[in-house]
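Following are the structures in question.
You will see two complexes here that share chain A, one where it goes with chain B and one where it goes with chain C.
Up next, the complex of A and B:
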């Protein structure tokens, strides 16, 4: 099935009245591997509405970070968008020149990365670094910029923002540094915020606060957020909609609540069951997925998850399943033999059973 | 209760910092202050806490990778500081450690056969033939194909590498395994495999685990006992289910509340913990500055360790759970050295 045909068969998931801030259309990213270009992101179509938080979940190598990098125009050397397009507010940004991308990045798209310590310059005061994007994108004078920076630092919940602005990164705690990164990302009032594992390097108590901050930013500025994570707990706390990626492809997408209750892809289901929770019985064995996540491939014959799947049948190996309508409204699914939704929600393993 | 396999008795680990005080005196910092714990045969004790809480240092002290500045470490009744080098070397075969990141803990130039046989060689166990047979047996136990022996770590996946690290730790039939964040570097779908493997091995060999983790949900699943650490001290300890379902220390409660649930219907309300200030007052409770219910006493007196019930204790002036015995135990740690 060609990507075009598939686009037609896919129902429009966002409600029609919301103008998509970000739209990915059959995006494909490949690298230049000596044994043939491998598809790192394979035919991904997604839409993020105004003020919506979309979570992309997956394991290492599933293509979630590559998708984020493609949106930000920061694909590593050797990787390129080979087909499909990225629309930001209706404008195709996938073919922009680097200099044109510089005008968008930081201004229309804000970015928050995993490790704030390596994203910040250790030799420069925080306030100056945060002000960088103002200097690049606007002609704000330095005094006005300083005022704006302090205001923004305050809006991300930092105490004594003026003092923070005069600090060096090492003088701040991990949580404070990540708040500084968020301030830097929202300074120019972007419509879209891309957060790639924003809390993975933080302690749990701090993680929760940073996640609440992201939600607060969406609530007060109407910013759309794409949150990349491997952690369903993080996802459940902030995302409105969740997209699961496996082997470069989108395998399931649904509103958060629907996803948890009626996830239908065997991978999504197994992944959720494999996560230990606080409400589980301790002695029960964890639900383990056999095998290991796949490495990128040039071409797949059948479903990427087939060799680890409990529901696998002969037809799974013949063709890559299409992304079709799932069991609940606004639900998309790429699977020929999905798990039963009823089973997924109620009689699942001990940990989910109690968690209802 | 029989004698514990591992016992830490008022252990303190003090490091010299690069900082100098105003008068030019050397400044020390306590990574672990007055930690006491016990681990019985075949049991799992988890050390939980945020980064910098001293949980890894405590684990390293337990397997003699680090010497305590004061206090005693007893393994099977032997004080690790008093026995001789040769004896310690012999004893080391009985306690092993599995590190967080198998990528950096395994020598990338060695083959799996040599990696797993290395402890056998060091302890002069058997000959080449019998060692190879032992390696094959270990590979079976950790669920790796025997053909893995000729591979190098970079040819293996993260989960396979961690299996090699576990096989290596098992080689000398230890009684205690310290696992420092054994699955946090692994993919979610692989974590469960490794945790199940650890639990199977524990049953087969009656192993004791001292597990270091920042993930309370994972601890809830794998450990019978938990000790919650904050800034070098154990603030609460006891049976895992009790500590998690009814935490007695405000910090434990904050940790429990912060664990993200994958069920959107169970998302906890916005935070109650203060993230800053970072630095605690010297005298009082280390947690006082972040504690939502700190009162006057908390800032100037260190809380005594109170035994709530048998095997469950908390170091807090105002515990959230009333105990059956509220009298302080004989030991009053945290008296501020």
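Up next, the complex of A and C:
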């Protein structure tokens, strides 16, 4: 870090509000659509504390992966951060030069991707690929790097780590490959780990193991984790706090327990009720949200969820609600007409929804 | 397995060539006798050359001697086909290898650069140039090269392997004389190969493991070197193996344009003179080269991609 950067980061660190490892401030990401730049991520503000696991949920296309790629500085061609900022440990990283960003990726932020088969180079031994992080960020000699890689592979629960290091990706199972990806992400001891749908491509028993591994990493190293998923079961198992995204915006954010007890956004409520349970009767149809999410737009009048919402009123169509304080202390909500606290309200709103 | 296939391919190639040259109008007898053509002389010559026997017998005799590494005796020139080929093969090899290396040395960096800057003006320019080069016949480019680089501006010799009458040629002289024909040959190949490299690299750069590598903190250049080149080379190796026949075909044309005494020049002369043994001999050697090249490509593929070694993918 250059002296200038340290100077810049001083006021942020001293302020009690920004103790987070990661902070997004009104982040907006747009693409370069011919009909006008569309907002893929729109005014997202988030903070992830030291050792905290933040879960971001939402449907496909809601902007959660875009948010992750923006944090990694790996937005696809044509997409760019047009306003807002990303602070890592108080340092604004959204304006870094590409070469400076290379020094952060893999070192201060690790990332685990969805599909562990395609995320590893099929032509190269796993150990060498994992060691790349070490090679570019430190001047570890290849022998020492090898030792470190094997240790890390062992620490993520891979049996016979030396043998795994000498294997090619196709010789490993899906779960083993995802453990390799996790080992790769934590090799340089990052303070932040971004996991984008890390269990989606795995079968259920392996999913649980990988989630337990992620929580174990948080517990032993104090790593902050951003977990992106569309699966509430995954979320409930590991996340401390939940952020719900819809159409590029953050619509609700609350600690895990509060969220389950007193979620207030009609979208969050609908999402939770779309999760099948073991207690329901067989004949009951699984609740589904009617309609489809809106396509990204340059500008939106009114709430993006309005045309699928059971609580929609006239004023919902006129203005985008601001992200305001929700029903519980650490709760934020972007809704003019929230649903009643879950306990009593859920049954009545179910009937409403089915009736439509 | 592959060796068996190679033998079958060579056999088919020789049968086809054997039949094709026999279908040419005219024939060696007329060509050799010219104005001395009388029925008696023709019959005598046919018998001497063994052309009076049934085709099958002629073919089996030829195959029989081929297996003993004997390619027969030229009808026209007073020497064996083997010695004619031995004299011209090194020249062609120099030309072919030189063109191959030159084409690769330009096609790979060019294709990679284009893949890293797709749809930029330089990408469009290189693509346009490639299509122009690819659509121009080799003999036309060759003639242009001779016109501009030998006639108008005498930079390179217009043909041959060395100054006339000199037999003991140095490497420098050989390379100097081979440079222009090799460049012409390389231009056409590199036009095609740079397209292969570009599209293969574009595919590779879109792969998830490239994103993984970037997420590890490798720069784009490091990622290309570490993962891009190797993965992109898999289809390129195959395609280059498949374009060897085109390269050899190009050698024939270039050698005749530049009067370069290689196998292609030999083949061209033999074809004009109905010199069957020479045509067959050169074709078999060319076929052998293609088969060997393809085997080499397969071997390389095996080395590059571990999934092929384990029998999947």
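Just so it is clear, the second predicted complex is superposed on the first by the 323 of 356 C-alpha atoms of A that agree within 3 Å, B and C clash if a C-alpha of one lies under 4 Å from a C-alpha of the other, contacts with A are read in each partner's own complex, and residues count from 1 in each chain.
Here is the rule we go by: contacts are C-beta pairs under 8 Å (C-beta built on N, C-alpha and C of every residue); 3 or more make two chains touch, one makes a residue touch a chain.
Keep in mind that what you see is a predicted model, and the values were worked out from it rather than measured.
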Given the superposition on chain A, are chain B and chain C in a clash or a fit? fit
With both complexes overlaid on chain A, does A:72 touch chain B (first), chain C (second), both or neither? second
Based on the superposed arrangement, let me know which partner A:256 touches: chain B (first), chain C (second), both, or neither? first
Which of chain B and chain C A:120 touches, first, second, both or neither: second
So, does A:339 touch the first partner chain B, the second partner chain C, both, or neither? neither
With the two complexes superposed on chain A, say which partner A:105 touches: chain B (first), chain C (second), both, or neither. second
Which partner does A:182 contact after superposing on A: first (chain B), second (chain C), both, neither? neither
Please indicate which partner A:21 is in contact with in the superposed arrangement: first for chain B, second for chain C, both, or neither. neither
Geometry of the superposed three-chain model: angle at chain A (Cα centres of chain B and chain C, steps of 10 degrees): 70
To be precise, I mean the smallest distance between any C-alpha of chain B and any C-alpha of chain C in the superposed model; what is it in Å? 7
For a test of understanding, state which residues of chain C touch chain A in their complex under the given definition. 207-209, 211-219, 222, 226-227, 230-231, 234, 304-307, 310, 312-313
Per the touch rule above, chain A residues touching chain B in the complex are 59-60, 159, 173-176, 203-209, 211-212, 230-237, 256-257, 260, 270-272, 274-280, 282, 284-290, 292-293, 308, 351-352, 355-356
For chain A, which residues are in contact with chain C within the complex? 72, 74, 98-99, 102-107, 110-111, 113, 115, 118-124, 129, 132-133, 136-137, 168, 170-171, 181, 184-185
Listed in rising order, chain B residues that touch chain A in their complex are 50-51, 157-160, 187-193, 195-196, 199, 214-218, 220-224, 240-241, 244, 254-268, 270-271, 273, 275-276, 278
